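Two complexes come next, and they have one chain in common, chain A, joined by chain B in the first and chain C in the second.
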Partner chain A sequence: MSVAPLGVSGQLARRWEGSRLYLWVPLGLFLLFTLVPFYWMIVFAFRPDSSTHPYPWPVTLANFRLVWNVLGFGVFFKNSVLVGVGTLVGVNVVSALSGYALARFNFRGRSLLVVGLLCTQFVPGVMLLIPLFIIFRHLGLIDNLLALVIGDTVFQLPLTTLLMSGFIRSVPAELEEAAMVDGCSRLKAFRAVTLPLLRPAFVAIGSFAFVGSWNNFLFALIFMNSQDHFTLPVGLDYTIGEFSVNFGALAAGGVLAAVPVVLVFALVQRYLVQGLTVGAIKG
Partner chain B sequence: MLTPLVLLILGFVAYPVLNVVYYSFQNYNVVEPFLNGFAGWSNYSTMLRHDPLFWTSLEFTAKWVFVEVFLQLIFGLALALILNSAFRGRGLARALVFAPWAVSGVLTTTIWLLIYDPQAGLVGYLANLGLAPHGLTLLADTHTVFWAAILAELWRGLPFFAIILLADLQSIPAELIEAANCDGANAWTRFRFIVAPHLRDAVILSTLLRCVWEFNNVDLLYTLTNGGPGTETTTLPLYIARQAITEHNFGYGSALTMAGFVILLIFSVAYLKFSKFGASRGYAS
Partner chain C sequence: MRIPTQRKHQWCRSTRVGSVVALAGMLLTSAGVASATAATAKPHASSVTITFWDDNGGPRTPLYMHLIPIFERENPGIKVKYVGIPDPSVLEKYDTAIAGGDPPDIGAIPGGDLAAIVAQGALVPLNKLYKASPLNGKLLPTLLTATAASSSNDKTLWALPFSGVPSTLWCNMVLFRAAHLACPTTWNSFFSDAKALTIPSKGQYGLTMRGASGSTNQLTDEMVSYAGLTSYFTSKGKSTFDSPRAVEFIRRFAALEGVDTPNDVDNGYLQMVAEFDSKKIGMMLHNLGSYASNVSALGGPNNVVGLTEPQGPYNKPGVLNMIAPGLDTYGIFKASKNQAADWKFEQFLLSAQANGYWNQQVGQLPGNSDVLKQAWVAKQQPIKSMLAVLADPKTVVVSAPNYLPQLGTITTNMDTLWQEVLTKQITPQQWCSTYASQLTSAEYLWTHGHR
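The block that comes next holds the complex of A and B.
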């Protein structure tokens, strides 16, 4: 590495670094860019239709009453929660099982399986809309929320399985072996030793699964027919299509869709930067 | 233990993929069932020779993916570098700027429609303050719709790169930075000789993942512009989705899907090869 002597330009650079303006100005711009759109939606959701103030005053809940009771967002919200929780459970159970196998056993076809899982990342749901629709029709699952749970689970599984196997590998196998020497079965050893240590993994993977299914639009749009089975993204799209400039209702629906994922995000934010993504990238 | 995973993947990924291959050689239209049957290569020849929308959608997809991923990478990297330096309130700043990470495409559309509306939106509000021209119809104008959609997607996509690159930045050994400081390195030389080589693999892989992801990103464009005005912002996957949702032309949609597979496959292999992914890092370890 060539080393520049600390000349005049170096001193200037140091002063620039010392003032910290190089940090605060762009950070402020990024914050503005991120937060103003959220703020603007909140303003629309909480202010009366007649108001054009850039702040939600006087506060009204009329928009929320309208979307929840009249436009059906109460039902959409319930459906989204059902599908989200179903996917969360399905993804965690299946990735714990297969992640354990990948982490602890060496078997024929293991690397083939890993490569296959990675390959599925290039086969996204959009591309499979047509055959999946036909399959779900054969299974009689069209307009059934179970189709969404299955679809969402399947497309989360490859990555969550690899993540989970990484988490399980980070728990020393010797701990389980010690328990097995003491008379535990493999299952008992897993339950008593490894499982409690995997709580962060379940939280992180469950959050991914929940957010992914909460946000999935196309599956719900195509596999659900009746309004009783719409999820929030479909409901929002429906409101966008229907709205004759009822921005208040649209914004209230948006806030309802945003609150759970933003809360989940606040929960996992820590894990995201702390190595979870590193683990995902470096296998 | 692996049975549930393997069954689910075989049943709902592998089998559908084979289905796509099969249907691409069939006439399969829910609206015109009397024409259903073996079609040979006719779907493909229609696509390649008689469907200008296929080619324009490909062109738009390339433009969309390149511009979007490029901007996300540049701004994501800047954001990650900022958030990696020590300052008061860093945790809060991180949480706030990363917040759009979990927002769906449809919700992004909702939020940006409220901004772009010429009367009630933020654009209209700024116009009333004299800060923007009146009557800006950003989403209906073929000159502005591209950048309006790009900006909305950038808002949502920025945290992805920022999070991944920040995670990678934090894995740079502090001794390296300290040693460089002792040698009198300034911010630029530190970035050039330590940070950039370190980030290389993370950048290559996250860029590829993001290209694939943006290629297939249908939600936002479907709801924000619906591929319009006209077919101005129709990507290939959006075109496929429309074949499935409104035309019910499953045979032709499957041929388009095959084109998408092949393009993604060639692109991914070529990208990893030319970027020399996994080549030894720039500093001695």
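The block that comes next holds the complex of A and C.
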């Protein structure tokens, strides 16, 4: 059988496919949009106000000293870490328990509960600010970081519960049943069998919980009433004045706020992908 | 299925380790939360603590950190807890705190937000306190009148002004000197200078314009000045903003295309100030508040001149029309249990000593007229120039009807329509007619609602 020679258009198409340009061109464009703001941030953070170079030269740390020492970013950073870690722990613990209930038990109103959890995602946080403010005021939690941990945890729970129930469902119930046959209680079977298999799920959910609370500006602004209790997003807002903006300080604050999130994702990336895909395949 | 004993132990061990880590995390967090909470200073038993919210926390925090200890030394029974609120979120913070029943005792309130806070019944009227205080007669009458007009039209003082920010024409004197020109004092020279300073090949433009958010407020200042308007409304309650002179200004200003920086249509104040501070723009119409930023970016006070908006072509020589300056005010909240201490603190902040220090540092118009005698005022060219204009009996100061609940919505709508003028989707005449008709309707509703 003879093969007909490819025309010019066919050769071009093959070369296009071979070079994988169809992959690199859109990716490159996407990266351009993503990385240019980061580049802008680095340039403004590391160059002096008087410089107009499109690159960080001469290099200065003055903006970092300003935000850390004068604007109090040291305190904001510590608060953000405390709230982020608290939310991460709270979300993981509660969503593991509630997700387990949804995954393993058939109870009356279960479907309604799932729909209810989904519906909560349609309510914007800003609508609940005043009711939450009143609740926290009655609990004596205004100007207390615990209010942020509770608020962030509660807001993230509906989605993380649904995600976690999906993860748990992907672990065969027979494993737990086997452990129970061997004498484990349900709780012990969950702890001994299911929990270790959920590590990627915890990492995925924990990362989202941490980043969600790390970036939450509104709760920190509204529920905190002391300089000592504000978090990084509020600190960033401080650099935008009534009539002018300190772009150097804004960029330096942005770098400080972005670095931990980038590090978290870099460290947990492997687990994150694993965690996000584990629930997608039915075991 | 059987679980091998060794694996079972491994699982149990890893679960135990996981539990310990989770518990440790929770303990660490709660310890941190507790320590951060404990860090809040408890007031001394014999003293009263009042909470003060600053409406521009961050840049101005050091100023209050300087002033508050002086006040506390002078008033040993009163402690002030300072909270700096970021400027972009002030009204949101006040609104939630008022609705949630936990506002501060005393707060700095931007003049533009005053009406919204007064409407919630959150503030204490200060007329009687002011009249009986040593401050009586000391606050600049222009600012005092503007403060009263900001929230109501019955002369109630729901707050007292500590600073004013008049609309200002900023000139980059490096470019002006190079072109052998002076910062313009009439609108006709403004338009010709803007053209003369434009050299697109060098990326140099005569003007940077505010095209997006806040553009209508800026344009209104300019329109009133150019057209020599004396009020927003005629005696019959009809807006004056569709008068032929007002339309003429909008037409001339919109025609500056090519003389102003490209992409002005997207400029909020941040972009506009950043463009002016790039050293390649001749003029910017903003307000006194950007003085410090302009001086720092353009290389010192000799390179910047700030004047009131120029004289209109229809005004008599030496007569300027201007909108009352933007305001910063202090108000006392009804919910406060320590109103006497609040008032003491407010009087201190408005004293010549404190008010002079504060306004010198930020480069704004002081609220206390005694400050005008301080040496630094004469050395700050824009402030000196503004004060001369405000003190001139010929100057016509027009109060904005901030009492109209719809004013914010109207100006926001008009911002979008101004973008349509700049992109030639509607004409300047249509813009003026729409603006005037919306203002007339709002005034009608206000007037008839109050009869």
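The criterion applied here is as follows: the second predicted complex is superposed on the first by the 234 of 283 C-alpha atoms of A that agree within 3 Å, B and C clash if a C-alpha of one lies under 4 Å from a C-alpha of the other, contacts with A are read in each partner's own complex, and residues count from 1 in each chain.
We adopt the following convention: a residue touches a chain if its C-beta (ideal position, glycine included) is under 8 Å from a C-beta of that chain, and two chains touch if they have at least 3 such contacts.
Only a predicted model underlies this, so the values are computations on that prediction, with no experimental measurement involved.
In the overlay built on the shared chain, the residue A:137 is in contact with chain C alone; chain B does not reach it. Comparing chain B with chain C, more residues of chain A are touched by B. With both structures placed on the common chain, the touch criterion links A:27 to chain B but leaves chain C unconnected. Using the contact criterion defined above for the overlaid structures, shared-chain residue A:41 touches chain B, although it does not reach chain C. Touch criterion met: A:237 reaches chain B and chain C at once.
In the superposed model, A:129 makes contact with both chain B and chain C. Once chain A of one complex is fitted onto chain A of the other, the partner contacts of A:193 are limited to chain C, with no touch recorded for chain B.
Shared-chain residue A:179: touches chain C; no touch with chain B. In the superposed pair of complexes, A:79 makes contact with chain C only, with no contact to chain B. Within the superposed three-chain model, A:221 lies in touch with chain B and with chain C [touch as defined at top].
Within chain A, the residues touching chain B in one complex and chain C in the other are 52, 93, 129-130, 133-134, 221-222, 237, 240, 245, 247. The part of chain B that touches chain A in the complex is made up of residues 1-2, 4-6, 8-9, 11-13, 15-17, 19-20, 23, 75, 78-79, 82-83, 85, 87, 93-107, 109-115, 117, 119-120, 122, 125, 155, 158, 163-164, 166-168, 170-171, 180, 183-189, 193, 201-202, 205-206, 209, 212-213, 216, 218-219, 222-223, 237, 240-241, 243-245, 250, 253-254, 257, 260-261, 264-265, 268, 283. On the chain A side of its complex with chain B, the touching residues are 1, 3-6, 10, 13-14, 17, 20, 23, 26-27, 30-31, 33-38, 40-41, 44, 52, 54, 93-95, 97-98, 100-101, 113, 116-117, 120-135, 150-151, 153-155, 157-158, 161, 211, 214-218, 221-222, 233, 236-237, 240, 245, 247, 250-251, 253-254, 257-258, 261-262, 264-266, 269, 272-278, 281.
Partner chain A is touched in their complex by these residues of chain C: 1-3, 8, 11-12, 14-15, 18-19, 22, 25-26, 28-30, 32-33, 36-37, 39-40, 51, 55-62, 81-89, 92-93, 96-97, 99-102, 104, 110, 165, 269-270, 273-274, 278-279, 286-287, 289-290, 292-293, 296-297, 299. Chain A contributes residues 49-50, 52, 70-71, 78-79, 82, 85-86, 88-90, 92-93, 129-130, 133-134, 137, 142-146, 149, 174-175, 178-179, 182, 191-193, 195-196, 221-222, 225-229, 234, 237-247 to its touches with chain C in the complex.
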